[in-house]
Amino acid sequence: MDLKKRVEQCLGPENFVVAMTECQGDLSVEVPKRNILDVMHLLRDTPDLGFNFLSDVFGVDNLDLNKPKKKPKKKEEGEGAEVEEESKEKGPLPPRFEVVYLLLCLERNERLQVKVRVEESDMEVDSLYLIWKASDWPEREAFDMYGIRFKGHPNLKRLLMWDEFSAYPLRKDYPLEGQGEERHLIYDD
Amino acid sequence: MGKIQAYNGGGWIATKLEWLINWGRKRSPWPLPFGTACCGIEMMCALAAGYDMARFGAERPSFSPRQADVLIQAGTINLKLAPVFKKIYDQMAEPKCVISMGACASSGGVFRTYATLQGIDKLVPVDIYIPGCPPRPEALLQALLMFIEKTEKSQPITHKKYSDLLVGT
Amino acid sequence: MDDWLIAIIKVVCIWVWVLLIAVVMTWVERRGAALIQDRPGPNRAGPFGLFQPLADGIKLFTKEEIIPTKARKILYILGPLLFSVPAFSTYAVVPFGDKIILGGKEIILQVSDVNIGFLFILALGSMAVYGVILGGWGSSNKYSILGGLRSTAQMVSYEVPLGLALLAIVFVYGTFSLRDISLAQQGTFLGFLPNWGIFKQPLGFILFIVAAYAEANRVPFDLPEAESEIVSGYHTEYGSMRLGLYLFGEYVNLVTLSGVTVALYFGSWHMPYIDLGAYLGPISWGIVSFCIFFLKVSFFLWMFVWVRWTLPRFRYDQVMGLGWKGLIPLGLFNIFITALFIQLTV
Amino acid sequence: MNQNPTSQTSYESDNYVTINIGPSHPSMHGTLRIVAVTDGETIVKAEPDIGYLHRGVEKLGENLTYHQFIPITDRLNYCSAIPNNVSYEMAVEKLMGVEVPEKAQLIRVIMMELARIADHQVCIGILGVDLGAFTPFFYLIIQREEIYEIFEWFNGARLTNTFGRIGGVDADLPDDFEQRWEELKPNVRKANDETEKLLTHNRIWMDRTIGVSTFSPEDALNWGFTGPCLRACGVKRDLRIDEPYCMYDKFKFEVPVGKNGDVFDRYIVRMIEMEESIKIIDQAYKLYKEMPADAPLMARVPKVIKPPAGEVYSALESPNGELGFFVKSDGSAKPYRIRIRPPCYMMFQALPELVEGEMVADLIACISSLNVIAGELDR
C-alpha cells in the first residue's frame, strides 16, 4: 500500500499530522512539536511502517521564506507540489525554525522526513536520544548552529564551534564572513 | 636583482663554519607535518614512495614541535584551531621555517566564512607560500628546495639578519 | 710500548669504531627502509646520501637548546647522559677480534677481557633504564611520563629472560668471560655441526634475540617511543643534541647487542669448518678475525632494520604478557634442559 | 600539546590522568581531538572534541549557486572526492526531476568505484602506519598514484576533481582508458596481495586487531552506522544493492559482511570491497563499450539551474558509508539550505562506547579503522 496512506492511517487518528507534502518522491510529514516522541515511537513500532533507522537530524531557518516577497514572484509551472503554501494572508508569520528528522526503514528501504516547527520564542524540542543514540551529535550541532535546545539530551554543548562562541552561525541573519569572533585559549600555567 | 649589501662578513673560519652549519641544516629538514585538510593528503603523497621527500633528508616526520625544523601547514586552519597552531609554532626550536601549503593555509582559500582563519600569516611569520588547491607534491618538493636555498644564505655565526641581506634571486 | 699505552689506544680505537658503526647504522636504517618501501631514500647529502647522518648530527648540534619551564631541570639534563653513557661503555667487554702479535707483544682485540663478561653488560643495560625514566619524568609531559613508564616496565621485565638465556650459556661454557666463550666455540661437535652457541642452545638463542629486541626498544617492542600513540614517547620534549644522544644511544645499543649475540651464539671470529688461524700469520689473522666478526655483526644489524619495517607494534599488555608468561617459563625450561643435558653427557 | 581540559570531568580521583590526544597528533588524521581520562593505560572515559576543521560549508552553500557548490563538495571527503560530487549532483537532479543519460551514469559508476579503491587504500595504509607497520602504506600509495593519474587525466585534478555536472558528465572517457585500466588492474591486485601477506596472517597484527573495539549490530544501527563499519558488524546493508542508483542493479558483485565488528573485520571488509570494485569497473566498462559513440552525456538542463521550490534527500554509498545531501530550494538560483549527512560523523560519535575500557593503543587503532575524515566530519 502506498506509503502516504500507511502513514496517514498510522498517525491520522491521533491527529498528529499537521501537513503532509510530497516532493519528487520524498514524503515529508509535519507533526506538532509537543508530541514528537509519541510520533517517533509510533513510526518505529507499528509493524507496517517500521522506521528503525534515524539517518539524520538537522535544523532549517525559514526566515527568508516566511517574509512576504517584495517583488511579485512569477509562478513557474514546475511540477511537484508547492511546498510552502504562500503565506498570502497577513496573519501571524509561521514559526521561524524547523527541525527535520530523516527516517529510514531498513527492510523496505523507504525514507520519510518528519518535520517539526519551532517557535523563535520557545526553542525547546524533546531530544530523541532515548530512542536513537544516533541523534546525539546532530542535535548538538542543531543547537550549535541554530540555538534550538533539545530537552533530555545528555550533554547539550556546542559541537563544531568553540564553547565561548556566542552567536548561532547558520541562522539567516548571521553574516557569512562572521562577526570577527576570536578564540583565546587560557592556559593554567 | 636586488641591492646587495657590501659583504663584510666574518673571516675565513667564520664563513667556512657557517657553510658547514648551513649544510647540516639544509640537508636534514625534519618536517612537522601539520596536515589538516586535503593538502595533508597531498603532503602524504609527497612523503610516500611516489615523490619521496626522504631524498632531501626529510625522512623523519616528527610530530613533537621540539624536534622539528620545518612546520608544513597543509590545509585549512579554522578559528578553533588557530590558538593551538600558534602554541605549536611557539614550541618549536629556533632555526624554524614555516611552509604554508595550499591556498587555504595561505589565504583561507575558497572558504571565505565565519569559521576559517584567512591565512596563517595572521598568526605566524611564514617563509614559503605554495599556491594551489591542493598543490601537487612536486610543488611541495620545490618549497623544500627553496627552504634549502634560504638556509644556504642564512648566517648563523655572523648574525646578519637575513632580511637586510637583500638578495633578489 | 707498555700496557697502559696499548690499553688507551684500544679504548680510543674501539670507541671510535663503535661510533662509526652507529653513524653508518643510521644511514643503513634510512636506506634500508627506503629499499624495503620501494623508494630512493636519502641521496642528496653526499654520494648515496652517505653524509646524511653527519648532516643530522650537525643540525641537531646547532639547534636551539630548549628546556621546558615546567621540566625538572636536573632530571631533564641527566636523562640523556644516563642513557648514552652506559650504551657507549658496554662495548668494553665485547670482543671484536682474536688477537694480534705486534713487536713481540700479544694484544687481544678486546678492550678488557673482564672475567665477569656479560654480567657487566646486564648491569650497564639496567643503568640505561634510569636514563629513560629520568628523561620521561623530567620533561613533565604526559606523553613522556607514559613513555618512560612503558619502557621501564618493558626493559625490566625483559632483562629476566635475557639473564636466563645467558645463564644457560654459562652452563654450557662454564665461564662468564666473552673471550673464553668465543675461544671455546671452535671446531665441531656431533660430527657436522660447528661448535657454535646457537646449535648448543637453539631455544636460548631465540629467547636471547627476542629479549634483545625488547631491550633495544626496536619494533615490534618499540612501545616507549610508539610514534602513533604517544607522539615520540620519552623523548617528546627533547630537542637538539639531547635528542641526538638518545637516538645515538639507541644505535650504539644495537651495535653492542649484535656484538654480544655474535660473540655468544655465532662463534664470534671462527669460520664454521676451516680454522683460518693456522694458515695466516699473527697480524693477518688478527685483521681477518676482525673482519669476520664485523661481517656477522653487520648481518644482525641488518636484521634489526629488516624487522623494523615489516612487523607491526605490540600493545602494552601483550608485551608484558609475552615477557612474563611466555619467555620466562621458556627460559627456566631451557635452563632445566641444559642442566639435564650436561649431567647426562659429562 | 595544549593542556586546557575543556570539560570538567567528574573523574578527579588521584589515579586518573587526563590525556589530551590533541588536534596535532600523528594518528589523529589532522584535526581530531580526544580528551581521554585514563587509568594507567586503560581508558576510563574518552570524549571526542571535533570542529577543528569546521569551515562553514553549509553556510557557504547557501550563498553560492548550484554549480558553484560542486567544487566545495570535493573538499568534504578529500580521500575520495568523486562520490561527494555525484551525491550532490544526484540530489539536485532529483530535485529538478532530471533523468541522467545512461552513458553518463556508467562513467559515474566507473569513476566512483576507482575512488572507492583509492579511499580504501589510504584507510588501510594509515591503519597499518598507526599500528606500527609502515611498509604496506608505501605499497598502497604507489598504486594510488596510478589511480590519481587516471583522475587527473580525466578530470584535470588529482584530488579535488570537480567531477561531472548537474545533469550528467561534462566529458567522455578517452579511448585509451581501457589500456590504462588493464595496466592498473594487476598492480592494484598485487599491492593488495602484498598487504594481505604482510598484515592479514601476521600474528602481531591479529593480536592488535581481533577483538578490539567490537560493536554489536543493534548498537551499530542505533548509533546510525553505515558502510563498511556496519557491514563489519554483520548487517548486510549496501545502498548500491538496497536502493540502486546509477544502474548499479545491472552489475553483479557481492557485499562482504563481517562477524563481530572489530578492527580486523573492518580491515577485511575493506580489502574485499576493493576486489569487488574492480569487478564492477570491468562490468561497467563492458556496458560502456556497447554504447553508441555519440550517446548523449548531459541531460537537457537550463544554463542557470533554478530548481522548483522543494526539498529532497538523496544518498549514495560512499567508501565510508551513506553520504546523503538534503537540498532545499526556494526557486531561486541559490540553494536555500544544504545539509550534508556524512557517514563518519555518526560513527565517530559512538567512540566512547567503542573504546572505553580498552587501551590507548586500541583507541588509535579504532579511530583509523573507522576512517574518520575531518573534512567530512566537521564540514
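In order of appearance the chains are A, B, C and D, and numbering begins at 1 in each one.
Please note the rule applied: a contact is a pair of C-beta atoms (placed from the backbone, for glycine too) under 8 Å apart; a residue touches a chain by one contact, two chains touch by 3 or more.
This structure is a prediction, so every number in the text was calculated from the model and none was measured.
Shared contact partners of chain C and chain D, listed by label, are B. Chain pairs A-B and B-D differ in how many C-beta pairs they share in contact, with the greater number at B-D.
Chain A and chain C have CA centres that are 65 Å apart.
Put simply, the C-alpha centre of chain A and that of chain B have 46 angstrom between them.
With each centre defined as the average position of its C-alpha atoms, the distance from chain B to chain D rounds to 31 Å. One inter-chain figure worth recording: chain B and chain C are separated by 37 Å, centre to centre, where each centre is the mean of the chain's CA atoms. Across the assembly, chain C contributes residues 33, 37-39, 227, 231, 236 that each touch 2 or more other chains.
Each of residues 48-49, 63, 80, 83-84, 87, 112-115 in chain B touches at least two other chains.
Each of the following residues of chain A touches two or more other chains: 160-162, 169, 174, 176, 185, 189. A list of each chain pair in contact follows: A-B, A-D, B-C, B-D, C-D.
Interface residues of chain C facing chain B in the complex, by the touch rule stated above, are 30, 33-34, 37-45, 49, 51-52, 54-59, 61-64, 66, 227, 231-232, 235-240, 243. Chain contact summary for the complex, chain D toward chain C: residues 1, 17, 19-20, 25-27, 41, 128-135, 138-139, 142, 198-199, 202, 204-205, 207-208, 359-362, 364.
Across the complex, chain B meets chain C through its residues 20-21, 23-25, 27-28, 48-49, 52, 54-57, 59, 62-64, 66-67, 69, 93-95, 156. Interface of chain B with chain A (complex): residues 79-80, 82-84, 87, 112-115. Residues of chain B touching chain D in their complex: 32, 34-38, 40-42, 44-45, 48-50, 61, 63, 75-76, 78, 80-81, 83-85, 87-88, 91, 110-116, 133-134, 136.
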